[in-house]
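Please go over the structures that come below.
The same chain A turns up in both complexes below, where it pairs with chain B and then with chain C.
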Partner chain A sequence: MSTLAEILLNGLSLGSVYALIALGFVVIFRATEVVNFAHASLLLAGGYITATLHDDIGFWPALLAGIAGAALVGAAVEFLVMRRYRGSDHSVLAIVTIGVDILLTTELTRRIGTDVIPLGDPWGDAVLRLGPVSLAHTRIAAFVAAVLLIGAFLLAFRYTSWGVAMRAAAESSETAALMGVRLGRVSLSAWAVAGGLAAVAALFLTVFPTPGLERATSLAALKAFPAAILGGLDSTTGALVGGLLVGVTESLATGYQSDLTFLGRGLGDLAPYLVMVAILLIRPAGLFGTKELARV
Partner chain B sequence: MSENPAVPQRPTAPGGPLRPESDEPAPAGLRPPSGTRAPGGRRGVPAPPGRRRARLTDPRTYVRAVGVVLPLAFPFYLDRFWLQAGLFAMAAAIGAIGINLLTGATGQLSMGHAFFLAVGAYGYCVFAADGGDGLTGLGLPTWLAAVLAVLVAGVAGGLFSPISGRLSGAYLGIATLALVFIGQHVMFNAHDLTGGANGRDVPPLNLFGLTFDDRELVVADVPFGSAEKLWYAGLLALLVGAQFARGVLRGRPGRAMNAIRDHRIAAGVLGVPVARHRAAVFVLSSMYAGLAGVLLALVFQRTVPDYFGITLSLDYLAMIVIGGLGSVSGAVAGAVFVSLLPQLLTRYSDALPFISAPGTGGIAPGEAARFLYGAAVVLVVLFLPGGLARVAARRRVRTEPGEQ
Partner chain C sequence: MGGSGLVVHDLSVGYGPVRALRRVSLEVPEGAVVTVLGGNGAGKSTLLRAISRTLSFHGGAVTEGGVRLGDRRLDALPPDRVVAAGVSQVPEGRRVFARMTVADNLRAGALGGTRPGRAAALERVHELFPVLAERAGQRAGLLSGGEQQMLAVARALMAGPKVLLLDEPSLGLAPLMARRIADTVREINAQGTSVLLVEQNAALALRLATRAYVLEVGEVTLSGPADELAASDEVRRRYLGVVDEDAVADGEQAGGARRTLTRWQGGDA
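For the complex of A and B:
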């Protein structure tokens, strides 16, 4: 029983990190209708900046630098690449992001090499014991940080003029532009926000019990794709639910691995994708996604 | 007929790469046919697929003939390195034609191509091996094993049809991403079938008593090893695959596919069975991937699971974007570019600036190649919609103004 509780709590924490990444993904999609396949490399960029700077300037400034850096990279991608596309077909831009991803990931993995770089976080491997249940401090920090960030984001989305502009652009970009919403700024800020959220997620994907930032971190970040898809690409609620669902499933599959040996080792890494396929079979637009309506 | 008048369908206008003009003279997409080059293609009636008479006065006929005949001589002049590089390019070209049918011509984004390549490669091993190394092997004749491997890849694609027939766009892209991870999981864990992380040996192909291995056979004073012999098998597979895909694209299925890409609902209203076509194209594309996998396995002589990862899928997408979405020649051009680039850079890394040997801290050739084609993907989409194939087509338009 205590194992189950531990697994569920860890899963929620992991899921909230996935939700952070998926949220950035959804924000970009809602603001610009572009599916950002370069998201994992934004995350890697944020993590890398934090990892290289924390020795010199301390952890918290390094984290801020990582967030700012990833936001800057995201904004730069939008400004230098996405904005140059003059056509109207958004699936083309999805392919451009694949090109961007190849570029960024190659450079970052080249820099990281075969190293495993710790991020110098203050939590270390400390563990909190609540009766029979023990939980790593990092997991608690991840959950709290994710909840705070997501809450702040949702409030901003709802009440600030930036959020209104964002939602207006998602509703109908043409009308929004006619009403004076500057679409360029909306999409620039969407990319920057997504980059920042990804950088925070990078921190929590690489702290204890994970050894540190390595090449494979971007593979872990990829699991936010199924999270965003199974929730529904255009739904922020979907991103949160999807993230939690993916996190808990992964945690369960990893936790009960010994009972599932007939399915092979490393099932945890596979679980998010299996859940996604199962859900897409039943609901092709994801759990909360709007069904595609088309006027003919 | 075009439902979206905002996207000009004239060949000289910059359409988006997902709505490319075919470089084929026969009509592809919703463009009215150009009657001069397709006899019987007047008044909107498509030319019968593959039935254009080659004209002896047309210089392109000769260019094509040279393009087919010249590679036949390569094994007599090139060394093993170039032959292997060429074989990789051929295998990549076959796989790229497959994904171009799916992503380029039908507009279905697939990131799972690597999975079907793996099915082909491992399928061949399982069918052809004699079980001598303790792994499952059925010991079938190798040609039969190759055919069965391609069919199994098709079946795998068909099993995915509940998803591939219903989802599109990013949903399909990420759903197919799942295939890559499921595939890798199986490859690492189904030890009896795949040999686990170490992979398994590939039995050499045997056709009509000729074994495609390194036992030397001397033809016209040139020793023929596996690369030389496979060269012809690969060339044949590529030619057949390319011709078949051309036929598909030119005929009714091709028009239906382009209609689905351009406007799914309009296609459905016009009577195209959309879900069935999408599932069918997915199967066909998987079979191409399977064939590419078989050929790759034969060239590598060993299959390892690490190779068939997400990177490989992205490589294939890069190929068709660089080459040109939706056309066979584009797929081949892109495949040659993406698969030869790392090999060329490795070979000439000493002579090139900025590139150093792997592990010395500089930019290794493999990385330099990835930089180049990552940038190529971005630049092609932004500034050269239609890819390499369109450049050739545009030139053709310029030199032969009467043709269009």
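For the complex of A and C:
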């Protein structure tokens, strides 16, 4: 029996993974103002690399390879595709990312086929019991890893020159260029960072209780879209809050599925989008989206 | 002239089919303050964009001529390399990074400069604008207009430029604040930075500059030493009519009724 506490804890863990994905999404949007629809395919690429390598080189090196690989794929997409369209309308670029997504996802799903590939994580199906609450080790690992990564990212964003350049470019790319910020580098690093974060998210989307990496994994990744959008596309805080909100909502909807059968099945997949629509009705810019900050 | 002067020669710029600059040549000798005067749409900002290589953000391109700093050609470089070469711009309308703190704005300005120069640059900037040190942790968007202009100038100085390009620094500022900015420009110049000042406030600009160019519909129509231009009828009539204190004083001497009349005549021309 799952209790409310369990549902909430699982939701938080799941939400922190969504937050990782949404954060990458937001980073690309802030650096380049492009909505990256290819994000799910970056995630799939990272997961696939980890899944195919872990038998030969062990889990941790494989995970690192997955992160590096997804970062490289992200950087390659920026360098080979997005860069050629720089200066084009941002909605054109967004559509280009849909094309990239279709290409990458098609190739990856062809390779994965109908298999369900485990990623060889060390946590297995172990469960931690604290009184009435039982929690899978994988969920705890997911939460800890997400918190550490997000924390490191936010610190870098706030205190390093890279972060200053990113934020300056996000506010005004032209002014940033006038200050000597290399916009090409900013955009390249944004795609690489987003790829790396997505690869970590891929791991935690495919560990217990999920059987492993499969074609549908990229669909699970899509739930980070409502997370990023309801948080406000250009806000890192928004990505975190949005991720957690989506995770908890999904967890609640799935956990209380049996009480909600009159609404039909599969509510857990639908709930994040309902929350997104509800929030956008009240706050069209998302929870933390840019409000003009100006002195009158 | 000077070995590291900024030279613009025969520069033509177009935004698609629209020609914004036509064979503009001008020179900012080392250590000088040079001003470019002109009304709205004369091509002043276009000139600065061409120097800083940010025309592409506006769909513009250089069609002929070029820009040199000393012996170095700037007209094939990306914007960040122009900054690294020693030319920084304070864009029109200040354009501070409103959501970032004052300190981070200054850091952003230093991204284009050399690493060892940063601490010294920050010290210099805080000396010029002590208020920026006081407000280091505040968001730039919450500063007053004058403070934002100071921040914009300070940010550009963080890269340690040899030539500072200023686009309408007095725009939208109270006269007192505009005068303070003018004093600052003088001080920056005294510390060895050449200045190319683009202004609509001709009286202010001509007092600061040693040499002036008048830009009209994309062409240089007048140029010469600033004091000569300030004395020329043409410039007085066109650009000093409304804002020049001397002209106002002249008018006052001539009596109240005459003053209104001369000022309006100047404005209409």
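In the analysis below, the second predicted complex is superposed on the first by the 285 of 296 C-alpha atoms of A that agree within 3 Å, B and C clash if a C-alpha of one lies under 4 Å from a C-alpha of the other, contacts with A are read in each partner's own complex, and residues count from 1 in each chain.
Basically, a residue touches a chain if its C-beta (ideal position, glycine included) is under 8 Å from a C-beta of that chain, and two chains touch if they have at least 3 such contacts.
Treat the numbers as computed from the prediction; the structure is a model and nothing was measured.
Taking the superposition as given, does A:Val277 touch the first partner, chain B, the second, chain C, both, or neither?
A:Val277: touches chain B, not chain C.
Give the label of whichever partner, chain B or chain C, reaches more residues of chain A.
Counting residues of chain A touched by each partner, the higher count goes to B.
Is A:Glu171 touching the first partner chain B, the second partner chain C, both, or neither of them?
A:Glu171: touches chain C, not chain B.
Under the stated touch criterion, which partner chain does A:Met179 make contact with: chain B (first), chain C (second), both, or neither?
A:Met179: touches chain C, not chain B.
Of the partners chain B and chain C, which touch A:Ala156 in the superposed model: first, second, both, neither?
Neither chain B nor chain C is touched by A:Ala156.
For A:Gly87, is the partner it touches chain B (first), chain C (second), both, or none of the two (neither)?
both
Just checking: does A:Asp269 make contact with chain B only, chain C only, both, or neither of them? Give me first, second, both or neither.
first
Which positions of chain A sit in both the chain B and the chain C interface?
In chain A, positions 87, 294 sit in both the chain B and chain C interfaces.
Any idea which chain C residues touch chain A in the complex?
Chain C residues touching chain A: 52, 54, 56-57, 78-80, 83-84, 88-89, 91, 95, 97-100, 104, 107-109, 111-113, 139, 141-144, 155-156, 159.
So in the complex, which bits of chain A are touching chain B?
My answer: residues 29, 35, 37, 81, 84-85, 87-89, 91-96, 98-103, 106-107, 110, 219, 222, 225-226, 228-229, 233, 263-267, 269-270, 273-274, 276-277, 280-281, 284-286, 294, 296.
Hey, which residues of chain A end up touching chain C in the complex?
By the definition above, chain A touches chain C via 87, 161, 164-165, 167-168, 171-183, 290, 293-295.
Of all residues in chain B, which touch chain A in the complex?
6-7, 14-19, 107, 109, 162-163, 166-167, 169-171, 173-175, 177-178, 181-182, 185-186, 188-190, 265-266, 269, 310, 314, 317-318, 321, 363-364, 367, 370-371, 373-378, 381-382, 385
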